[in-house]
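Once you scroll down, you'll see the structures, which are given as structure tokens.
You will see subunit A twice below: alongside subunit B first, and alongside subunit C after that.
This part shows the complex of A and B:
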């Protein structure tokens, strides 16, 4: 475990270093990188000098790098001039929405995928299995934004059941329970789209893994032992079938965060990290972009650490892999 | 306690077990032996009512009764409740039989349901099998093969079932661990009915009272274990025992000719059997009781090829042979060991009809031999002690080898030549034109020996009398000739009466050794 954490620390260090150096490799000077190319037309050389020295950009590269590391550790991610607010504060305004949306979507899609996958694998070749398998392959072949738009039109506009944009009703003075219900109502459609898109891969992996586990001699022995069907299904075969799901979730978390957050949030104008990144790209708000990427990377690392921990709980053999 | 009657199992079209029947009482162990793929594991699964779990389009007919319950008639739920309470199994595959992500303790515990004293029970049995208690919470991959096997055995016995199936319980273990496991099984299986499925003959010997030999899903022999291993009656049982290394046997290993094939009609073994006759390929032999054991063979088991009864011979006043009794079975090598002048060669010559006996009878395939005619020599041939002088130096190799066919007036010259070439290649000699036209004095001692053996084999005899066949050869050539004889025996079921004064040699080549001394056999 210690070795593991060290590995993650090294990964983290490499990432923040890249985050520092990559922008400096971009064409144009740091001022353009920070404020956009238009800025050069509007400032005098003196102002430019002043800005450069105020940011410490005239110091040697190593000194700047050290300075950067210290500020990151202090929680200083820079300042957004478009938003006129520290980057960290901007990010922290958007992050909870994404975390809530993504977290619940991931939770539900993984749960559904695992449960349905186990059921399907256990009854391989049955009508239920065939239906589920076809449905999952069907739904997996849609891009996430298409599903989102479809849901939005169907449930939001045609049926008018749910709000179609934002994370909560603006200008409403809902308090307590009312506001929670309101937030859930707003989250339902984006969440449903995410679940719809995420579930198939978990389902298919669980099903396949279940089928191959069911052919193992220990399942035959479990049956010979006269164990109850539920115990064989969930305890003996099921538990081992979620191992590949866990690995896969860790690996795909990053892509899911981006695709999920970016596309879905934009379609529903949901004020999460996706919308923030999208807007920042359009406005060329580089400090926010840089900060967001850093936060996402950290998130991915944290999720992987947590999964690693559970992975070892589920599969004791993994300790030997290091 | 366990009764299996006319058990038939099929996977799809293929019949795996064919009308198997046996009974097993408390405290008894039955070994079921046979090569891989013969249906041993299928029997194990059938006893647990699990044929359907192993393969979807499978069928079971017949009766398996455990403690009054007919396994094949119970519904799924009753069957589930019966499993492990009445009947348990140690499965073959130690590697994957334990769930990799559950501790072994929990895997044992789950068969005890929610019994109150289950912890004590588990600890007790782990102590009994000598399993280190501090390792009980280990995962399977952290244990050695032997330890995993112990866990599987503990699991099978802990619920105190009446019938336990052990499917190759030691197949992937080293000898030391294997012996420990055998001791453990012995200790635990008191008061149980145990079915031991194995190809390990030494284990079957140590653990079981009775042994059933399975070939192609059919019971070919069923007898008391001691009796069966000492004196196997079915050619397949003998082949199986011969091919299994055993430190108490000095003869070289022999296999069984051919390979296991699925046979639709007739005796499942007839293609590989060296004593098969016409009926064997047409009709399936029934399992019949003979001398206290059961055997399924049209010929009643391995046939006594030649039987000598009270053979006596005097040369003047000198008594050479005094009432000799000796029987040779099909496919076995018997050595007559004795000093020079003990009468070994005289006995051989009597068998060949070269010396007349004073009294006594000779039976060939259970028929008394009245005259030594051409028919007799088709079945009995000899390799003489002084090989070089047993070949005419004026005949070419081809003519020498062909001569028996000429004498018996069998075939055309072309056919005889063809046969000669085939037999020469069987004894690993060239069959080129130049070689066939050689004279014997051009050949080495080893080659001469092979020529003589080839000549003896031309008539496809059932008995070969070999009188000191290697005494003139150096050790390495001797080794080759003996291996050759061994292989010919494996392929043709040839019985060999081997005559020598060399005890070490006798041990190496023969199934049985008899001593000829003062005219008496012992």
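This part shows the complex of A and C:
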């Protein structure tokens, strides 16, 4: 556990340092790199002085780095001239949408993956198993944003079933239940795309561990005792097959989930972190871009730490490995 | 390894499919540009649905979408080969040195690798690339710089197990110097592992390039599959959109799928335990 936390700390410092040094290494200096030459032309010399001293750009590099660290820890990610508001506030407006999307997609893709994986592993070699396995391998190879585009075309445009943009209808006066239904409707397509992309990894791991668990003697014993098929399938073999889903998907899953969510949000103009990053790239709003990437990094690290913690609760064998 | 590659491929339908697709990709990338129109040529025939002369229609600048698709596939292949090669090279250098030298050097390197593994490469690249507005070459270098860690870890593991094999120990007792053993015995013995690492790195590079371009982190005046899709995204309200957006997406998915299949095939050759799974 200690070793892992050290990894996260190092990773965090690499990101912070990149965040700090890259704009300072750009030709034209950090102010031009961060705010763009357009902004520099439009601000008065006094404002420029104020920016320089507020970032401590007149101080030595080491002092600047220290000041940067302190302000990050205080939650001060800078100021966005495009949005005319502190970066943290902008990010906090967008973050909940991403978290909601990710959380629900995580829940559904894991549930589907586990259920389908159990069925598939139980009936190994059957037609259903072969179909599911091939389908999952196939769909796992699609880039997340292309899946999102296909969903958008099929359900949003050709069938016209669901809204294709945003997180809620604008200019509509829906109260209470109406607005909840509206939000769910808007979230359905992005969520479906995320679920589609992330079910395969859970499925494949569950299926493999189901197959190896079914070969264990305790299954034979359970059968000999005359237990019901459903009980053996879900309670004996199934329960043990869930452990590797947590332990093996872990880190890579968390990071892929977050980047996948970013791409899919862009396709559906869903107002989360992905769209924020996309727009800030279009506008060259670098303070927001840097802040968003930093927040996402922290998110990835926190999710990974939580997963790490859960592994040990779920599978006591992990503790012996350290 | 006494396994005939030919026989394995014959039995494996997916690998066959993958190899055929990759060959088609290579053929299109090499010969396509001779056959199609100039992808940069502007015309007043903009946003056309497919007609004779423009198989996939034209974009907002009147450029032939099919020609751009062919050039985009070429760009993806270029990214795949060069970033795949570069990142595998970095991974091999760090992995073999780490495993071979061991000690404090190994500990420090592995700590760095683990730290890099925790954060998605795409975030690192976005952070740096957003300032650089990179063309394809810069992007290839960035992808390679931030996507070698997985390969390095596997290669290090393999180097550790090779290090104690008889032929390497005996070559050391015959007085072979460390660099000689590394170059002459360890790296050639890694063989297929390097091939798998190359294929997966190439696959990741294609995906990263397309993803970054799709978000808009790229020099948008160049052509790649991701950039075509990025440009098309703005026109979702026009019927021409589907013809413009879906073909590059399919091309991208097909090449990713093929590389996965080929990678799995070689993994199965290396590790017989995977064969029945």
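By our rule, the second predicted complex is superposed on the first by the 252 of 322 C-alpha atoms of A that agree within 3 Å, B and C clash if a C-alpha of one lies under 4 Å from a C-alpha of the other, contacts with A are read in each partner's own complex, and residues count from 1 in each chain.
Everything that follows uses one rule, which is that a contact is a pair of C-beta atoms (placed from the backbone, for glycine too) under 8 Å apart; a residue touches a chain by one contact, two chains touch by 3 or more.
All of these numbers come straight from a predicted model, not from anything done at the bench.
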Touched partner set for A:236, first subunit B, second subunit C, both or neither: first
Partner chain(s) touched by A:277 [first = subunit B, second = subunit C, both, neither]: second
First, second, both or neither for A:216, with subunit B first and subunit C second: first
Subunit B versus subunit C as contact partner of A:225, first or second or both or neither: first
Partner chain in contact with A:112 - subunit B first, subunit C second, else both or neither: neither
Residues of subunit A touched, compared between subunit B and subunit C (which is higher): C
Residue ranges of subunit A in contact with subunit C within the complex: 6-8, 10-11, 14-15, 18-19, 22-23, 26, 33, 137-138, 140-143, 145-146, 149-150, 152-153, 157, 164, 208, 211, 251, 255-256, 258-259, 262-263, 266-267, 277-278, 281-282, 286, 289-290, 293, 296-297, 300-301, 304
Touching residues on subunit A, where the partner in the complex is subunit B: 216-218, 220-228, 231, 235-236, 239-240, 243, 314-317, 320
Interface residues, subunit C side, partner subunit A - complex: 14, 111-112, 114-120, 122-124, 126-128, 130-131, 207, 210-211, 214-217, 229, 233, 236, 242, 245-246, 249, 252-253, 256-257, 260, 277
Subunit A-facing residues of subunit B, complex: 48, 50, 53-54, 80-85, 88-89, 91, 93, 95-102, 110-111, 139, 141-142, 155
